[in-house]
Structure formats: C-alpha cells, structure tokens
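Each structure below is given as structure tokens.
In the two assemblies presented below, chain A is common to both, partnered first by chain B and then by chain C.
Moving on, here comes the complex of A and B:
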C-alpha cells in the first residue's frame, strides 16, 4: 500500500542509510559518521524499548494496565530521532513515544503509571526535556510551536544554549486542525521546531489514503518550510535527518517536517483488532523491513558485535522488563483525596469545600468500622 | 480602594488597556497575543498602542486561528511566559475550546502540579451592539463547568483595571469576560492603586432589603438601573468571579432578603443561574420566602440584532421577576 504522488508522479525518495538487509548506504545530504560503539548503543536502545513495550502489552493482557499503545515497529523512528536530541531541546510527544521517553531518561514505570491509571503523567517535563504524553490527537503540536516561540523570545537561538522543540505525531494527526495551525504558526514566526511525523500507515483502522492524497512530507512545501521523508525503520537515517533538522532550527532557520515512513506492527492499542481491517500479507511485508534486524545484521556482518554482545543486550532487556513488571505491580493506588490536589495553584474555596466534605464522608466509614 | 490623585475617568476599554500596560511594565514575561491586537490595537481598541510601546515580540498579531492562539499560548507559558490571549468575539472561542478545556484547564493536574499555565483568555462577551450572528454570545457556563479554570467577568472600568492585572498575575489559567457593550462607558479608575479587592470576591454594588439581585458582566449596570428606577429596595450584587464563586457574600444577602433574582444574558436553561439557584436553595432553604427566579436569554440561538432588545434581560423584565418573587 503506497500513496503515490499527485496523479502518478514517481514514488518519492526515501532517505535511507541502512537498508533492510543491513547494507550501509550513503546519502549526499545526510552524511553520518557513527562509531561501532554508537551503533551498539543504538542497537541496545532498540532492543530494550521493544522489550519494555512487550512487557507493557503483557501486563495489559493480565489486567495490570488499562490500555497500552504499542510502539512495535516504530523503534528506529523513535530511537533515531530521540538520540539526535540535545540537552536544550524539548520534546512534545503523543502517547506512543516510549522510545523517545527512554532516550530522555524518563522512567518507563512512569509511562506505565499513566496507563495503569495511577496518575495522568508522573514525570517532570522540565527535568527530562520531555513533555507529558498528549492523548488528544495533534494538540501538542501547538504547544511545541508556542514553546519554540518562547525559545525565540529568550534570545537563545544561535547560542550555546540554543534548543529546538520537536513535536511527535502520526499520520492521522496530519488531518487535525491543530497540526495545520501549528504548521502555519511555526512557518510565519519561523519557530525553531521539528515536526516529526511517524507515518505508521494506520490511524486505528483508517489507512493513509483516508488522510492524504499526497506524500505527507510534501505538505510542508505548502506551508513554506522543508519536508523530508526518511526510512522510519532505519535508525541511522532517522538520526541523521533529525539531527540536521534540529540543528537548522537551533540556528534560526525555522521548522522542518520529517515524515518517518514506518509501520505499526501491532494493534493501535491493546483494545484494537487489526485483523478486522488489514491483511496479514501487509504485516508480513513490513516484517522484512524490521528496524532491529538490519542493525543486528550490519553489526554481525562487519564484526562490530559478537554473540556475547547480543546475548548481553537480550539479558539486559529481560532484566529491565522483569524489574519493570515488579515495580508496576508494586505501584500503590493513589489516595482518594489525591484527585483534588494540583487542580489549582491557588486556593479554590468551592473545590476545597467538596474535598473536605468528601474527606469527612470517607472518614465516617473508618469511624464506623473502628 | 481609596481615592488618590491618580484617579482618572476612563472607559472600560481604556481601563483594560491601562491594566495590561501596567502588567507588561512590571513583568517582561507578559505577552499579548491575538488577531489584530498589534498594529490595529484590537477590533475594540483594547490593546491600542501596546505593540507600539512593547514591540512585536511581546504584542503578537497571530494568524487567524483561535485554537492556534490558545495552543501556542500554552507552549509559551510552559516556557515561562504569561500570555494574555484575545479572542476577538465570544462566538469565535469555540475553535479554541479543545485547547482551553482539554489542555489549559487540565495540564496542572496532569503534571501533578509540576506545570503551571498562567494564561489569560480575554473574551468580549454579550450582546446589545447590533452585531451580526456569533458576535453577541455569553458562553461563560461552558467554561465555569470546567475544573481547572478560573472564570471572571468585569462590569465597570475600575474592576476591569484591577481584575485584568490580578488575572495576569494568577498562576492559574483565567477566562476573562469583558462586557463589550460597556467598553465605551466611563468610570473612575485609580491607576495608582496596587491593592485591590480579592479577585474572587463578589461585591454588593447597591445595598437593599427586599430582594437580592445577582448579576455579573454587562447585566450589572442593567440591574443597578432597575434598582434605581424601582421603589422596592433591591440589593444588587456584582458576582465578579464565576469560578470560584463567592457564595458567602450571596448567602449573607439572601438570608436577609429571603428573595433572589438572578440575571444574565446567557440562556436560562442550564445557565450559570441554575447553579446559583441550586446553591442558594441548599444554603438558605429555611430563609427563602420564594424560589430563586432567573431572568436571562431564551432557549433559542441569539436572535438577529433587531430582536436582541427582547432577548436581553432589560429593566422591565428584571422588575417583572422582582414583582413575581415578592408576590410569592
């Protein structure tokens, strides 16, 4: 399934630095020097986040999480872009960016807490340069744009404190008004932002054709900034393309739209059933483009990693998952009165009155049973 | 507030302008953003001259996209700024409803208090200016229903001057309703004042004995006119803040009068008056001589402007409700 350009134009170019078979190829616009050590670190990231994701799916099946949005198949898009980020950059994710969260040192347990219903997001966005997950599709692209406008006003662009924002969203989100408004605002204000669209081909059950008639990256031209399509299953290409887009933004050259062309291998969430709307053959064809296998093939073929390294990474991933499972099961339910906390910064008499009445009501059961 | 030599006579629009100016002078993080707020000074000239004095980086003419205005304001606030957004007309706020209700109101709780969004959304509201459709609405109940927002409505120049500054200083997001048909009405404003009545305190604007009349925004003046024109002693309270609500001031009055009429321009059904009536009934049940009566818009869309004088609560409809509550 592909979206052809307008009326039969040739299939657009895909920036690729590592083929599905694990062959390293060069791209004139995106030279990338990467050491063996960096490659192994990327491999480790990819394997660990896939394992975390698998564990979260299992925990959901066992009733420990209410729901989970799996990143399966999108690891390279997230790790590649996530590892391109610098200290002063700010990420605005959707609810599927577990791999980017990993790159920003957000405890995976915090992600699980949200899907378990313990809180709506337990990490400190400023500490990690990683905003809270946004559930409503596309809303965060405007927050990212506004934040980037703030960076402009801080006068940091072009300095060593320069940062950019990166807004993650999917192919479905490109139909949202907010995303299009974000494109307009970012463009006319030349804001330092990277729009990182993971085109995973499916918005729950709706195929890409229901969102667009042209390749998504081409939309950027209409808004007045560059767009590029990258192989979203190629961690090196995602790293190189995002790195360049972020650098441009930090230097004051404005926004870039990156379309990471990938595939959602799993269901939209654990409540979804892809067998109702897509063919197994399509999934099988994408399996051949797996983001992890190609890195593994490259490492092994070039003798940059041996079996003991691969086993070590697997063991580490398993250990992360085991610890995560235990921590998830140990997560305490919040106290009932916690829902009243943090709604307002300053006193709110009406809410406080309700809170006190509810506290007394709860206490009445304790007295009754005492 | 004590009168000082700084007391001036200002229109409500100018009072808002002066209030914003003061806030911008005090805090370089305060920004003004919206459609036509810069070079033009806003379609009601409320932001007149601010861009000239504070520059395009702080007074931002935005693209024509309300969700974009509030959404980017949220991002700016996350970066440490205090944006004051202008929604050009009440009826244009709905494209921004998702950003206001789903994001602005909830982000503090979502972050367990780690994120603060000191954003003010200014909305000119209400009818009475002979405008075309969607320029005369009173959408306050949509926002008072949303936890996480503070909702206030000024009714006169002095309050406009004080309340806009207090709202900008608030660490919580504030929906700020401005009575557009009162923009050009003048009143004394102490521009030297720094101490203001608490933002969320109601105010008795006409003490009386027989009936409590509750209003906010543009309806306050109409109620004062009704009180002045009538022989009965009407206690008019300007609520000023709709969320939170200063219930104690209301209860003190109704316990004395035993009768209450609520006046607003928004439709009565599920309007803000319904909440007032319910709460007054809970708190003042044994002191009430009559049910709380409501005067407001009808269960119709806002009518063409040639009919708006019939739709808007006027002096006669207010006094008719006073008659009915006293006849109970």
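Moving on, here comes the complex of A and C:
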C-alpha cells in the first residue's frame, strides 16, 4: 500500500496487454505484434524456467545446494524483459534472474554450481551479455550505469551495433544509496540503460510501504527520466515495455525506469519463512494473477495451441529438470588447490609458498590412510 | 532386488545444526517419488517441507515426530530397487540397523552416499558437527547420539503406534532392543503380563507434552528467578472506580481516538510514576552490585499460543500517555500474533502481569529474571466497599507486588505498592506525582 492508496488516490494504471483472465488488450503506447509461434515460445520459456526453479528449491531442501532464491511468480517479468534483449545488450542481474539467464543461454547448471559452492558462476559475461550474479543489494545498478556510459563513449549509439544495459533489482534495492546514485549518473549523463525493477512487494520481510510512499516508477520523474509501471505478471506487456525502453536507450534517449509490478510467490530465499511475516490471503489473491495461466488460457482459447503442445512443454520441462538434477549431483567438487590459481596473474612468492604448504598438508592425509 | 538409500537431514538454512521432526507425510510401505514432500521439519528459522531425493518405497522412518535430529543424521530409508514392499515392513533386523551406524555393506548401500559433504554456507556450525574433509579412508558415518538421558523412551514410530493402538504406556516398559529401545515384542510381552507397578497407564488418562520452545524457556526463567531471587509478595485491594471513569473519559479525547485505552494503561502509568519516585524498584542484582536503571523498559507478560512471553516497551518512562497506549496496543498485538522480535523480549527492567484478564483476583507473580519487581493486576469487579463513610458498590481490584528482597526492603516495596494503589484510587495523583 502506498500513500496514494492510503489517501484514496486510485492505484496507478499498469501497462497490460494480457489480462489475468487471458484476454488480449491494447495499449496506445505499447503496440505489440506477436505471432502464434512467438507466443508458444514464450509459454515454453515460462514453464521451463518455473520447473528449473522448482528443481533447484527441491535440491536445496535435500542439502544439495547451499541456498536458492526462487523466481516463482516472477517468470513473466523475467522472460518478457529477457526476450526483449538484443545481441549487443548487457544484463546486470541480481541473484534471482534465472529466467533472464535462460533467455541469455546461460546454462542453468552454472547457476546451480554457484549455489552449490563449487564454482563462481562459471559463465563468460561477455559471451552471454549477462554479467555474473550480484549478491550485494543494488550495487549492480552502478556497474550497469558505468558500463552503459562506456557504451556511450564507444560512439555506437544510434547505429546497428548499439547496445544498452539493463539493470535488474528489487523494490527493496530502491532504498539503497547505490541505486539512487546510479539513477543520478544515468540521468545526467543520459546513459543507455534500463532500470528494471521487479517490485515483488517484499524485501525479505519488509513490505513495500516500508520502501516508498509513492509508486516506485514515479521516482524516475524526480531524477529526470521516464518511469513506467507494467504488469509484471504479463509477459507480453513486459516484452513490449522493455523493448521500447531498450530501443530508446540504444538510440541515445537515455534511461528508463520500468517497474514490473509482480509478486514473489515463494520465500525470499530457501532460508526464510514467509508465513511469519505475510498473510496467506495476499498470496492467494496473487495466485489469480499467475503469469503462466493467462498465457495458457489465451493460447487455448484462441486455438493457438492444443493439449498435445501443452503436454509436450510439460514433458520437456520435466526432462530439463531431471537432467539438471543429475548434472548437479555429478558436479565435481573443486580441487582444493584450485583456490590459489586465479588470485594473481603472475606467480607471487608468498602465494607459492602457501600453496606448497597446503599441498603438503593435503598429502599428509594420503599417507595417513596408506 | 532391494537397494536401500537413506536421506540425511540436510542443513536447509545456512549453517543450522539441527531440526525438529514436525510431521511425517509418508509412512512405511508408501511409494514415494522424487521431490514428493515427505516430512515437515522445524529449524531455528522456519518450518520447512522436505522433498524426497529418491523414488521408491519407504522402508523406515528413522526419527519420530517431535524428535530433534542433528544435521547429517539419516531420517528415512527408501528402497529404490523397485522390489516389492516387504510384507512385514519393520523387522527386528531393520530396527537394529536403525540404531547403529550405517553399515557400509558392499552391494547394499554402495552407490548411496554422495561423496561430498552437504554444502554449508554461512556461520554458526558447531565445531565437529560436520567433518569438512574426511580422510581418504572412509570416515565412519556420524553415529547416532547415545541416549544419555534415561527419561526419554526410545521406540520407533511404528512401535509407538502399535503401543498406542494396544493402549500400552511406553514409559512402563523396559526395552530390550538396541540401546534400550522398545521393540514390538516388548509391547506384546507387556500387554500379556499384568502391568507391574500399579500405574494408571491407560491411554487417555494422561498426556505427555514434551517440554520445549517457549514452555522450556519459561520453565528455565521461572526456576532461575524463583531460586535465585528471594521473593516477597505484598497485596493491596484498591477502589478503582475513578480509574475506570478516567479510562472512559480518556477514550473520548481526540488524542486517544485511534488507540485502545484500557485500565492496564493507567496501571502502567501508575507503576512508571511509582518507579520515578522510587528508582530502586527499577534495578537489577549484579552479584556484587545493585544496578539501578535510569530507563524503564516496561515488560508486559502476555499469554500467547506459543506460551508466556514478556515483551517490553522500551523507554516507557519517557512516553506521553497516548504514545504509551499505542505502544501497549502494538506490543500485545505483536506478541499475540507470534511476531515479537528478540529485541522486544530482552532488556526489560520491570514487569506487569495482567492476571485479571483470566478472571482471577490476584496471584503471587514470579519476577522476570534480571528485574527487581513485578506487579500483578487482578480483575476489576463490583464489590461492597466503604466509600466516604458509607457502604457502596464500587469497582475494586487487587494488586500484588513481588519484589527481590535482596534489592528492595519491605518498606520500599510497600511504598511502591501503596503509591500505585493511591494513583489508581485517585488518578489525579498521577498528575501530582509526575
């Protein structure tokens, strides 16, 4: 609840192209043409990333991952914005952007490796246009702004080699100094960046009214760039709005704040218990706005997909999850000595000494057992 | 061909060391799928449902509901071999197997144990709880803790169920199983033999409630307080007719329009005023010294679903009446809904317990550990009372003040109680004394 709603002002309008009931509606500023094939592909993305997420939660509960931040409920915000990205764009995610990672062809196993503690992510950010996960809240918005200013200085904006950055963050991060600094820099330098805020209503246990008294997208106005609130559970609206914001950025029109209004259906991470701070009724009301159900309803009602397609997607999702589970359990533990390998580019005497001492220590175990 | 796999209790919350089994969702003989919810556990952080990592048939549940299990200890055995479920699911052999360290029999459990230790992120793991790097030779799996306290009965869930069905009280039986655990045979034998000691052991006559959580904390605090602080309790009956009238008039003031005004508010204010007049009542015994607190964090004992807790209002002495009323309302609400934070529960300096809400006149309250006094506020009821020289029906309550005699002498304790009573008899005195 924001102060506007407290004082009786109507809740601001969401950009919506597909209602929770699965009805296609138009928005004057965001026309969108999607083919049946594209719609089916979006549906497939949504279902598969939800299944991957579910598997990761289960693996955590089974002691195979240290922790996991579930994206449940936020699939549309991530797939919609993720599929709006172009080849030259660069993503700066938080630790929850598994759906965006999927769109950027980052192998889900890499995400699991990170949370299993056997690697540091392990994908090449430049190759995928997808930076490593950032755990610190909000700091990636500054990285993204700096990167965008770099792109600006490459002098490619407005050309077909132009890219923009997109920084993902949550409603809680908007209270961070970093995010506000990023807004200022991006604004005054007119940097090619999209600030994509997934407002999932809860910053761990803190409700939105502890972050803001106005709708978050309105903050942009104070910094001097446009802000828009989009139905974060509507994959088409997220796609259209992000596409427009990225296009503006690439053309040198500066930053946009997109507030994807959504809901985190699960816990903040596997280590907290949302029943301690929020009401079941709230979750139930958001279930009616499920991002996947509305696409399914639209596809079926308009005969763009039949049961066999839906079953196929479910089967594919299950197969992806099963393979992922197996691959996760098969991930090798890193060699203990690997931790010395990437500290310095050149050999370092002290480190060499430490490495040798540690190797001798490890060898003592083998002798003991021999 | 049966192939048994065991699921060890994982650390589901960044460095937790144990969890309590709340509820099993499966029973021996049930078929389970990968990721099917098998059990609910409660950790220090949350209640969590655990999904099964295997597909197969449940052959054993290795921990009973209500039991606290260390991370890394197996809690369920699943036959993943695709064989038929055994007709007699729990045999003596299986029972024995349960209570001794997992035998690494080649061929039986060989592919079971993942080589890596469960991932531990974060802090706070007890040293030794997890062996971080096992030696190259197979390290012995963590042995189940030896039953050190003989007060607890060892029996597996199916055995417990059998005992319950047959109306046998497990606590009357001496177990003959491994480590003194009770077997099915023990129960059968106990049922045939006449119950040895005359003990009304029929199901339904008594219920055993494990002492844990808030109940345990309460018990510890009460014992600590009752046996360290020499308690003295004094009582005073007070005519609170004017207090009740004041409460009614406060409710009409715009300052109190949004907040609940209760007699407890005036009792709190009276106690705060009395403490200001007699600071020694707001003190703690530190062994060598008496520490007199300048700030008053006023504890309010609250009965909640989870048990008795005493959240406190920080700096209550500095709060104007409307703020105090708000704080009282918020505190009760938070406590009742089970959302009191540890900070709300610590640092109290003096306490009020509102026993009147239970419809009793008074009690002898036990001082919250670390404090010097506690005031019990009894029910307010119509009583015959001598008022201005005549018998009248008045609103009367009973106050009881327990205090730590090491800190507070009878004279001071009496003054505090008398002052509170005087203020409730005539709330104008609160103005005079504030």
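One rule holds in what follows: the second predicted complex is superposed on the first by the 356 of 370 C-alpha atoms of A that agree within 3 Å, B and C clash if a C-alpha of one lies under 4 Å from a C-alpha of the other, contacts with A are read in each partner's own complex, and residues count from 1 in each chain.
Keep this in mind: contacts are C-beta pairs under 8 Å (C-beta built on N, C-alpha and C of every residue); 3 or more make two chains touch, one makes a residue touch a chain.
No experiment lies behind these values; they were computed from the predicted model shown.
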{"item": "Combined model on chain A: chain C and chain B, fit or clash", "value": "fit"}
{"item": "Chain B versus chain C as contact partner of A:277, first or second or both or neither", "value": "second"}
{"item": "Partner chain in contact with A:60 - chain B first, chain C second, else both or neither", "value": "second"}
{"item": "Which of chain B and chain C A:151 touches, first, second, both or neither", "value": "first"}
{"item": "Contacts of A:184 with chain B and chain C, given as first, second, both or neither", "value": "first"}
{"item": "Contacts of A:349 with chain B and chain C, given as first, second, both or neither", "value": "first"}
{"item": "Greater residue coverage of chain A in the superposed arrangement, chain B or chain C", "value": "B"}
{"item": "Contacts of A:28 with chain B and chain C, given as first, second, both or neither", "value": "neither"}
{"item": "Chain A-centred angle between chain C and chain B, computed on Cα centres after superposition, in steps of 10 °", "value": "90"}
{"item": "Shortest CA-CA distance in Å separating chain B from chain C in the superposed model", "value": "16"}
{"item": "Shared contact residues on chain A - chain B and chain C", "value": "none"}
{"item": "Chain A-touching residues of chain C, taken from the complex the two chains share", "value": "7-14, 34-35, 45-51, 53, 114-116, 118-122, 133, 135-137, 338-339"}
{"item": "Interface residues, chain B side, partner chain A - complex", "value": "31, 57, 62-63, 65, 67-68, 70-81, 95, 98-99, 102-103, 106-116, 147-148, 150, 170-172, 200, 243-245, 247"}
{"item": "Parts of chain A lying in touch with chain B, wherever the complex brings them together", "value": "119-122, 124-126, 131-132, 134, 136, 139, 141-154, 165, 177-178, 181-182, 184-185, 188, 341-346, 348-351"}
{"item": "Residue ranges of chain A touching chain C (in the complex, touch as defined)", "value": "54-55, 58, 60-67, 116-117, 267, 270-273, 275-277, 325, 329, 333, 336, 365-366, 368-369"}
